C-alpha cells in the first residue's frame, strides 16, 4: 500500500440539534473526490472522534466508504485507550472496507506508560488487525511522543506500515527514515513542515488543513515531486502561515469556519469545543484572503 | 453534603479472562465497610474507567451501590470528553442512587481548551445534573490544571460543591480556601500532602492509596481532627513514602499488588497497563513491611 | 546553626544612574533589624545577583555584614555555574563574616546535568567551604529541581546543613523530613505554603515577600510556634494571596514597588527586568490595602 | 555580511590544571582554516562560556582573532543576563575585531520575562553595538524560546542581521523566512535538521558538531547548494544520527571526546560538567566508525 500524497483528516459536520450530519459529510467527500488527494482519514482527531459515540463513529465510517471515489485510500482512526477496544474497533473498520487503521497512542495513564507499553500495545493490535496499521504520535493532544527507538522497533512488524507523526519534529523524520526498514512510510501531521518532511524522507501527509485547502496541500506535494524547490519553498510559507493561523491557533472551530468560507460543510464543533470567537474570524478571513491568489493560480 | 474524611478511589478487579469481577469488587467493599472511610469513589482514574465499556461502568456503579454500607457516601466518576455524554453519564449515576458526581476536566483538545471551556462545560453539567458535582483536576493524566480563578468562579454555582485537586499543590488549596464560598469543599487527591492540605483548609481526600491502606489514611485524618500535630506529621511521612513508592512510581499495577498483599482483591490491570515488573515487587514489599508496625498500632 | 524562622531574600536598590545604592540597602537593613527576622540572605535571586558584577556583589556582602544587627544570621548567595567559581565566591563570603552560603544548582547545561552532577558539585563545594552550605533548588529560574534522593544523599555531608526549596512542593518537604538526618534543615522559598511546610517538618523560610512584609511573615511563623492553627490558616491565606499578586505575578519589580509603598527603598530593577507596568500597580495597591488591617494587628 | 555556510561553535580546551589552553585552541583553528568553514563562533554555549571568567573569555577572543585565516568570519558570543553587561561585552568583541555578536536571550528571571523584555533588550544592544547582532534562541539551555512575532519584529532593526535558532523547529524557520525582511539571515543550531532548514529558507548553520566533523557539515551545505537532493538526504541522515549520539546525548564531554578521536584538541570539560562516562565512549566510537567511510569519501 502506497501512502504517497496528501490525506485530509476529515471533519465531522453536526446539525443544529447536535446530531451528526452524514449527508453533509458525504457532500464534502464528493467535492474532495474531484481533487488529487490520495485518500481520506475518517475519525481522526480532527474528526472530533473522542466526542462521538461508537454508533456515530461507525455511521461515519460507513458513510466515508460509501462516498469515497474508487482509488481513494480509506484510513480509519480506531485508537482507544484500551488495547482490546482498539482491536475491536480496528476489526470493525476492516469489515467496513477500510484500507488501513490509524492508531493513536494510549495516553491517559501516562506516568505508567513507557516504551514497553507502546511496543506491547501496538504489536498486539498489529497481530490481530486484518488491515495494516499506522502508528499515530500526537503529543499536543495526548502528551505522549513516540520516540525514534520505539518507532524503529515497531517498524519491523510486517503489519505496521507507517506512522503519522504530528510532532512537527523533522529531526525524528530524518532519524526514522535512516533507521526503519525502507518500506516503512512516514506521514507528517504538520502542514507547516510538510515540504521539509518530504525532503527528509517522508512519503506524504495527513493534514487537518487539507480539509479546507486540499488543492494547495496537493500542489505542494506535486511541486516536491517535480523538484521545483523554489516554488515549493514559497508555497510552503503560505501554507505554514495559514496552518498556524487556522489549525494551531483556532483548532477545529477555526478549520470548520474556513471550510464554510470555502464552500464546504464546516459548521460548529461539538461541546466542550466552543465556537470560534468573533474576534478571531476577521483575522482568519484576512489570512485566507492573502492565500486566495495562490489558490487561484492552482 | 459533608465530604469530610477519606474516600478511596476504588480499583476494578478483573478475572483471568479480562472480564470485570463484580463479586471481588463487592468483597472489597464489604471489608472497607468495616472502616471509618467516609464513602467511595467508583469509576475514578484508579478504577481504570477509561479502559471500561459503558456497560462495564454501569455494572460497577450498580455493584457499588449494592455493596456499600448505609451512611457511606457514593461518588461516581462520570466525566467524558463530550459535555453531552458527561451529562448523560451523570444522570445515570444519579438514577443509580449516587450522591455526587466527580467530573474530570475534558482534555483531548487541550490547545483549544481554556478557562472559558471549563466554565462552560462544568456549568452546563451542573445545571443538568440531578446530583451535586465535584470538579476534578488531575494533570498527571489529563495535562489540564484547573487554576484558582476558574475554580473560584465555578464554586459560585449552587450545584458545584467541591473539587478533587490531584495536583499536589498546597498553594492552590490555600488560594481556593481563601477565595471560594465557605461551603465549597476541597478534597486532595495526593496522599503525600494530605495533612498539609487539611491544615490549609481542605475537608478530606480521595486517595488511590486508601484502597490498599484505608486504616492508615483514616488515622491521619483523625489525628488532624484531634489536633495531634506531631503524630500526624510522623504518620504523614510514612504515608507519603508509601504513596510515592506505590502509587506514584508503580501506578495502578503496584496499588493492586499491595491490595493483594493486604488481602483485598487487587489482581492485574487491563492492557495497555502492564503488570508490575518483578523487580519492583520486592521494593514495594519492603516499603509495606516498614509500614506494618504502624498499621498494627492503629 | 539554627535556621528556624524567617529570612528575607534581600533586594538590591539601584540609583537613577543604575549603580548600586549601598546606603539604601543599609537603610533597609536598619529597619529590618527592628523585627524578629532570623537573619538575612544577601545576593539571592531576589537580589538580582545574576545582574550584578563581582565587585558589586562583594560591596553588597560587605554592606550587609556592616548593617546587620548582632544575632541576625547572615547567608550569602554564592552559587555560580562553575564549581571552582562557586568555591571562590563562598570563600570570599566566609572571609567577610557570613554564617552560611546558599548555593543554587548549576543549570545552564541542563541536558548534560543529572543527579551525579549535583552530588559532585555540592560535595566539592562543601568540602572546600569554610562555612556551612545550604542547597538551593529554584526551578522557576533554573529549570533544575533537586529531587529527594539527591537531597537526602547530600544531607549526609557534615558541611551541608540544609536546603532552600523554592519549588512549592510540600510532598518533597515531607519526604526530605522523613529521610534526611534529623538536623538537616529545610527552608521553604514559597510564602504561599509556608505554614504547610512548617507543619510538614520545615524549620523556616527564605522569602522574597519578607523584604516587603517582614512582620507578617514572622507573625505566621510565631503562630505556628504557638500552635494557633486557625489563626495561622487565616494569615497564611492572606500571605498566599499577597505573594501571588506580588512575587509570582509581578516579580522583583512588583516586590520593589510594594517596598516603596511600605517605606523601604525599593526602586526599579536592573534591565532586562522591566519596570512594573502601570496597569499592575493598581491591582497590587489593592491587594496590599486589604492586607494592612492585618498588618496593623501585628 | 553574508553568513551562508557552516560555522563551528568552537570548544574551549583546558589543561590538566584546569586553565584554558590557548595554544590548543589556536591549533584547532589552524586545522579548521584548511576547510571551507565560513567562519567561527567563539564563546558560544559549546565553548563553555558560562564556566569562564571574563579574563579567560577575552583571551579566547583574542586568540581566535589571531588564529583565524583571513576571510573567515568571526562571531563572538557576548550575551550576559544584564543588558548593560551584554553591551559592554559586545563592544569589547568589536574592539578585538569580531565581525558580529551572537547574543543569547536573557533567561534567569523567566517568569518575569516576555516578548517586551526581549524586544527592549535586543534593541538596546543593537543600538549600542558597533557590530551587527545575531539573536540566539537556545531553549534547551535557557528555557526561553524566541517566537516568530518577536523575531520578525527585531528583524526590522538595521543592526540585527539574523538569528541562530537552536530549537530544531523547522516550522519557525519557515515562518521567519516568510515574514522577516529578505536580508534577515537564519542559521540553524541543529545539525539534525540542517538540510531541512536550508530548503526552508535558512542561510547556514552554527553547529557544535562542526567542531568535530567540519568537513561533513560543509559537504552537506554544498550538496544543498548544488541541488543534489538525494545525496543530501542521505548525508543528513548520517549527520543526524551522529549529532544525536554525540551532541544531544553526550553534550560537550562527548563532543570533545570525538574531537580527540579525530585529532583535534578536545580534552575534558570544566566542572560541574563531568567527563564522559566510559560506558558511553564505546557507543560513540561505533557511531563515528560508521561515519568514517563517508568522511573518507569527502
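We call the chains A, B, C and D, going by the order they appear; numbering starts again at 1 in every chain.
Everything that follows uses one rule, which is that a residue touches a chain if its C-beta (ideal position, glycine included) is under 8 Å from a C-beta of that chain, and two chains touch if they have at least 3 such contacts.
The structure presented is a predicted model; accordingly, all values stated were derived computationally and were not measured.
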Chain of greatest Cα-centre distance to subunit D: B
Distance from the mean Cα position of subunit C to that of subunit B, given in whole angstrom: 36
Subunit B and subunit D, separation of their C-alpha mean positions in angstrom: 50
Residues of subunit A whose C-beta touches two or more other chains: none
Complete list of chain pairs which touch one another: A-B, A-D, B-C, C-D
For the subunit D and subunit C complex, residues of the former touching the latter: 18, 45, 50-53, 81-85, 106, 108-113, 116-117, 120-121, 124, 140-143, 248, 250-253, 270-274
Contact footprint of subunit C on subunit B as seen in their complex: 168-171, 174-175, 177-179, 190, 192-193, 195-197, 199-201, 227, 229, 232-233, 236-238, 240-241, 244
